[in-house]
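Next come two complexes, and both contain chain A; in the first it sits with chain B, in the second with chain C.
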Partner chain A sequence: MLSAPAAAWSSWTPPEWVSSRRLRYGLIGAAALFIAAYPLLSDDRYYQNMIILSLVFAIGATGLNIITGYGGYVSLGQGAFIGLGGYTAAILSTKVGGNPFVWVPVAGVVAGLFAAALGVIAMRARGHTFVILTIVFLFLLQIVAINWRELTNGTAGLTMPLPRWSPDIANWPFYYALLGLLVVSIAMSWWIRRTKFGMGLVSIREDEDKAETVGINTPVYKILGFVASTVFVGMAGAVYGYYLSFVDPLGMFNILLSVQIILSVLLGGRGTLWGPVLGAFIVEPLNEFANNSLGGGNARLLVFGGLMALVVLFMPRGIVPAISEFLERRRTRGRAGLVGERLGAPIELKEREVPTAPAAVSGQTLLEVKNVAKRFGGLRAVDSCGFAVPEGSITALIGPNGSGKTTLFNLIDGTMPLDSGEVWFDGRRIDRQRPWNRAHAGVGRTFQITRLFKEMTVLENVVAPIREFRLRQLNADAVSGPEAERAEELLEFVGMLKYRDVPASALSYGQQKLVELAQVLMLDPKLILLDEPAGGINPTLIERMGDMIRELNSRGKTFLIVEHNMPFVLGLCDPVRVLGRGKLMAQGTPEEVQRDPRVLDAYLGDDFAVEPQVVEA
Partner chain B sequence: MLSLKAVVAGYGGGDVLQGVDIEIAEGSVSCIVGPNGAGKSTVLRAISGLLNPRLGEITLEGKRINGHAPSEILTMGIAQVPQSNGLFPNITVKENVLMGAYLRRRDRAFLKRRYAELEEFFPVLTERGGDKAGNLSGGQRRMVEFARSLMMEPKIVMLDEPSLGLDPKALKMVHESVNRMIERGRTVLMVEQNVRFGLRLADHGIVMESGRVLLDGKADDVLNNPEMAALYFGGSVKEPAPEAPPVRA
Partner chain C sequence: MTEFVQTLILGLLVGGVYALLASGLTLIFGVMNVINIAHGAFLILAAFITYSIWRAIGLDPLAGILITTPVMFVFGWVVYNLTLRRIRTGPAAATVLLTFGLALVVEGLMGIIWGNTAHAVTAPYFNESFHIGSLFLPKAQVYGGVLALVVLAVLWIVLTQSWLGRAIRAAAVNPQGAALVGVNVSAVSAATFAVGVASAGAGGSIASVLYTFLPGSHYVWISRLLGIIVLGGMGSLPGALIGALTLGIAETMTVTYISPSWATAVPYALVFVVLLVRPYGILGTRLREDVVT
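Coming up: the complex of A and B.
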């Protein structure tokens, strides 16, 4: 049995004000005010030093959060940009002259340039390979700093002139410069999060291949994200170097700087605006404490390791998300969650005027697959396969499990490179184009196992696709007025509008399929590839989906549909292409295909024709 | 045998199941149908222990099982076949099946005996036992998933959309093997969107909507209930998928 306080706690429901904006901004404002006023209130150099270091790490963590938290790429090279900034200021102020503060903006530019160069190379890799490349980058810079003596003075390091202002305010310029940089960093992080740029980064984190198929030009997003995550860090490094008045390779390119920055991001909460700052202001004081009170030396390594283990065990997403999740769980307890309602309800099955006339089939070919092949090891998944999709048609692609239908989709939309053959779309050859270019040209695609961006809301998922790439667009609001309207229209079209603000991960499989359909329609493609649209969907909704496809078709969309639900396919599609063992086995009208003995043998089964499949209109 | 009483459960954004009562009789085949997002899969998750109900009680043969870990519930005799793609593609079919008895992995004699029994039941194990699971066709994969769930000799097998993504021929294969499981006296609880496929296999039909049980009765009665048919089973597409011949008639 629970004790009384424990029972009271377990049934505690947070009052409204606990999760209110006012409380959150109040706390942030109070903390900011305290930090801003601290040097005026106290002359304690020990705590001033601790806050200065925390600010450096908070800037580093806020930057890292852009590429790691939003973009999903973990970098262990973040500390290198502090070092780059420090060295830039030290080298320029000693060789060229002037106060190191003058060179702070230059340090930012240098950091950004290095980040862009590293990005071009490292961004081809994903996962562990990327992490290792960033470590290599860090050690490479350290080796250069050690060996290029003319520039860096080797291991002896560079000493900058001591500041000439009054010792009474000795720390102030550094303190407020860093505080200013932190404010700018947070502002940039906030800006990125609410624009198309940030949304593109988040979709890369959630599912990079999928992001490419909805038209996101991933290399540009990643490289710009990497630059954005380092510019202010380089500037902070310059201030930090001047604060120490001394830079050397071992201090400035120490991998522990990177580790501490990553730890701050993970502890506070990756992908949140304030989490990395909070994390930095927890980790750095702990670091100082370990150095001073736990015997120094490597005690801090134990503290870092222990903290890391605790985060992974108890708060895998970090402090800020853990708190908001806890409050949300308590707040919604006992309320009805998201459950599917009666399909007959007037809203969902609103009578639509379905134009029945099929699209004018122009007689031209929209998509042509010529002699395409793809192997996986010894397995020929697709083998000299060719067929055409007429413009304005609803073409079916059927065939047994494992006959290469989904692989063919992957070759058409560019998710996989083909081994040989050609793919022509709308009069142009597209098989060498990147997936996002094919999406911009008008190829849209859904997946058999749905691939929504799980941590985004339904509405964000639907507005994520990008129809064409322009740099200006990165600055556009993530969810803007006309776009949101269009997305809501599409969500209503698939009957999912009431779920618009729900994270996609909360939806059931069938609901995700419907949202994915709305998502691909947002691209406004000429050709829509649907991979088993009816799988896992309620029969009544399957009918509605058939009506939707006919309606879209009458507005000029061409479809290529993979599906096993034969009555659905045969009632909707014409022509039908049949795949078998990676080759085109048969094609023709639904009637012809149903009677083809090869199709009956390989796919439908001998007894298919015994019970005639009557499809009532 | 298995009973859910006033079960309330959810994932953190509120309750998905809002007081679900279900009774499953021994040797029966029950099928849950209903609109997308009605909470069908959530019922299976609550039973198998992947989701702990907030209120209510789930009992197996009179013993309370909610609150236990999934592995304990598996040991008590409830196995679940997940929605799709549950096999490890890079290990062999046999290794995949043996994973089903991971909790008794030290008991070599038991593993050997069970595997031999299952080979008799699913010929695909004899034919493709040494191949990597990733190289099987969709229907064969589903067979292997079934075999894996039967390794621990469960009293109840739960199937989450067994027909999903299967071509017409594979669908027949799955139909037959579910029938054979039933003949062997397994109690089966499944969730199906392919309503006719599911309800023809079952003797007990359950319609769920908005996290509640809307209708509970004989499968035939549920299938022929005009209101249910109009709402959920599709009016104009008479046959959502080609039917396998009714074996159990």
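Coming up: the complex of A and C.
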């Protein structure tokens, strides 16, 4: 039984304004105003100091959020960039003299350069190498700061020139410099999340392999993302150094700075714009509390460590997403979920003029696979296989299960390296190119089991692909403007426009197939590889899929289609290539292939069922 | 020349200890795809336990591995079941952050129990050396290094010869397949984690004789061990051995020929240089991620 207040609480439905944007921006505005006005309102140095430190951590956390929250790569060395900035300012101001207005930006550049160098080493590999190298990097810098005495004065540290302004406003310049840096950091984070670059970073977090196939040059994205994560942090570190007027290796390269930054991102909500800032303003007061009331040192470790473990285990998405989810749940309670309601509606299939005549097959070869082989241990998945796809055709690639069709797709789009042989596309040899280069050359590919970026909306999924690698493309607005309009056109074409703001994970399988097609079309590819476009979807949708393929073909797109639905594929495609045991077994028109005894044998006969597979060691 | 040979042998002995400590880390990564950032804290914990036993009853610290190994095995099993088990299949970033949090908690607890001062375990043979020809080899280094290699050999035999070892390797290569042939993958993960932590226990006892330690030492250790497994190729046990010996030799060579204060830096720099040439480490190949078929 619930007590009366508890019952009232559990049945409480927040009014509309609670989750409205106006409230959110009102709260943020009020907090910003308070922080901006605080030094004018109060002379309390203790709280000014606490806010200054919170600002430093908020800048660190907003930066870290770009590579960790958007890109999905955790860095345990974010604090090192505060140290780098502090040391840059300290060394330059003590050795060269000069003005903070010069050295603070220089510190940002130095931090960015170090991040670029570390990124070049760590970001070419996938997975855990990066997080490990960030720790190693932090300790390496600390050791250098301790040992390179001529430059850093060792463990004794460097004392920086004291400010010359009036003591009445002693903290103001630091305070407002950091506030300004935080505003710029948040603006950058906001802008990145809106651009094609930001979409690319998030898609790397969601599925790095898939991201490569839609043209995203993942190492460059990750390195740029890492640099963006650190530049303002380096500048904040420099201001922090001037504020302390003293830097030493143990303070500046203390791993607890990193801990506090990570905890801020994690607690506030990684991947959100305001979460890291909120987190920083929670964690720093907590830090002060642990230091002053719990005895510092070990208590601080227990608080930070314990909190980090608890957040990971029980609130992995952080405060901001947790609150918005809670409000969303309350608001939609008793009704069908907002998402479910909308998804229940049948897809409107627009009547389209279906061209009767297929595009003229130019007779030129667009894709040629020459003598390609791929082995998995002793199994020859693809073995001296060769065929051509004529430009302007809808070519089918059929064959029994396990005949190597999908593996061939993986070799053509570069998801897997081939062992031997050549792949030629549009007159160029592409088999040594990385997947994103092949995508830029004009190869688009869908997957048998759809691979959308699950936490991104439908529109974001479609707008993420990159047609060519240019900075202007990266910086292009993805949420509005020409890129978004084009994505909407494509969604309209596949009949999914009304789902543009739904997360991809909420779509049915068939709907995902349609969105994935739109996503590939965003690349404007010359050749589209479709892996079982008709698999697992209903007959109406199959028909619709066929119509779309014909229409795209009439506009000049060439298709290579793997499919098991024979009426569908034989009605749609010409020519047909038949694979068997990784080799080209037969090819020709649909009629020729249907009459071919070897094909009939492979599909209907006992050849594959009974004869044991010869597996070589 | 004598100096060079002596440095080389010392480097190999140091590398042997590193190899034992890194083996648990790389094993846990290979099987569970978890970077156990708390590995350094666990080994310092084992060193402190060794210290306390040695102070209390005078047990030889190297014999202490008979106690620390099983104690840390149980500790690892409990930690796994209380924390990691909940997010075993979650994103890799989560496990990194969780184990990092655990490391901080263990560091704080050690600080409360033993204090934040440097500790050392001085065995009776602490200041003695073997003299072979013109070589001077400190007994503690020799005993420690050899013992580490013996424990490592035992671990290797367990992994290659026992049912548990086969189950662990099966779960590492193909979890679904292992589950299909009757391997309880979750239980195997718990056992793997426990074995990995136990090896940190044995290594921690040995390290307590060779190095002074305090709760905060675990950062240096974890970054060194992570450097080793990245250097060798992540998840590969032979890679960990090669990485450890390389790093051990690089460190002792730096002490002898450059300067002791740079000894900890040079190996890190080495890690960066190797990765510049081979992004996936010496023995590492890019893991074949299962491309959806």
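Methods note: the second predicted complex is superposed on the first by the 574 of 617 C-alpha atoms of A that agree within 3 Å, B and C clash if a C-alpha of one lies under 4 Å from a C-alpha of the other, contacts with A are read in each partner's own complex, and residues count from 1 in each chain.
Everything that follows uses one rule, which is that contacts are C-beta pairs under 8 Å (C-beta built on N, C-alpha and C of every residue); 3 or more make two chains touch, one makes a residue touch a chain.
Not measured: the values here are computed from a predicted model.
Of the two partner chains, chain B is the only one that A:566 touches; chain C does not reach it. Once the two complexes are overlaid on the shared chain, A:191 sits clear of chain B and of chain C alike.
In the superposition on chain A, A:74 contacts chain C only, with no contact to chain B.
Residue contacts after overlaying the shared chain place A:542 against chain B, while chain C stays out of touching range.
By the touch criterion defined above, A:416 lies against chain C but remains apart from chain B after alignment on the C-alpha atoms of chain A. Applying the stated contact rule after C-alpha superposition, one finds that A:299 touches chain C and leaves chain B untouched.
Applying the stated contact rule after C-alpha superposition, one finds that A:165 touches neither chain B nor chain C. Using the contact criterion defined above for the overlaid structures, shared-chain residue A:447 touches chain C, although it does not reach chain B. Of the two partner chains placed by the overlay, only chain B lies in contact with A:511; chain C stays clear of it. Taken together, the two structures place residues 448-449 of chain A in contact with chain B in one case and with chain C in the other. Within the complex, the chain C residues that touch chain A are 29, 35, 37, 83, 86-87, 90-94, 96-98, 100-109, 111-112, 116, 215, 219-220, 222-223, 226-227, 229-230, 234, 261-262, 264-265, 268-269, 271-272, 275-276, 279-280, 286-287, 289, 291-293. Those residues of chain A lying in contact with chain C across their complex are 68, 72-74, 76, 120-122, 124-129, 131-133, 135-136, 138-140, 143-144, 146-147, 209, 255, 259, 262, 266, 297-302, 304-310, 312-313, 316, 406-407, 410, 415-416, 447-449, 451. Across the interface of their complex, chain A is touched by residues 10-16, 18, 34-39, 41, 54, 83-85, 135, 137-139, 161, 164-172, 193-195, 209-211, 230-243, 245 of chain B.
By the touch criterion given at the top, residues 325, 328-329, 332-344, 379, 399-402, 448-449, 502, 506-511, 514, 532, 535-543, 546, 564-568, 571, 603-605, 607-608, 611, 613-617 of chain A touch chain B in their complex.
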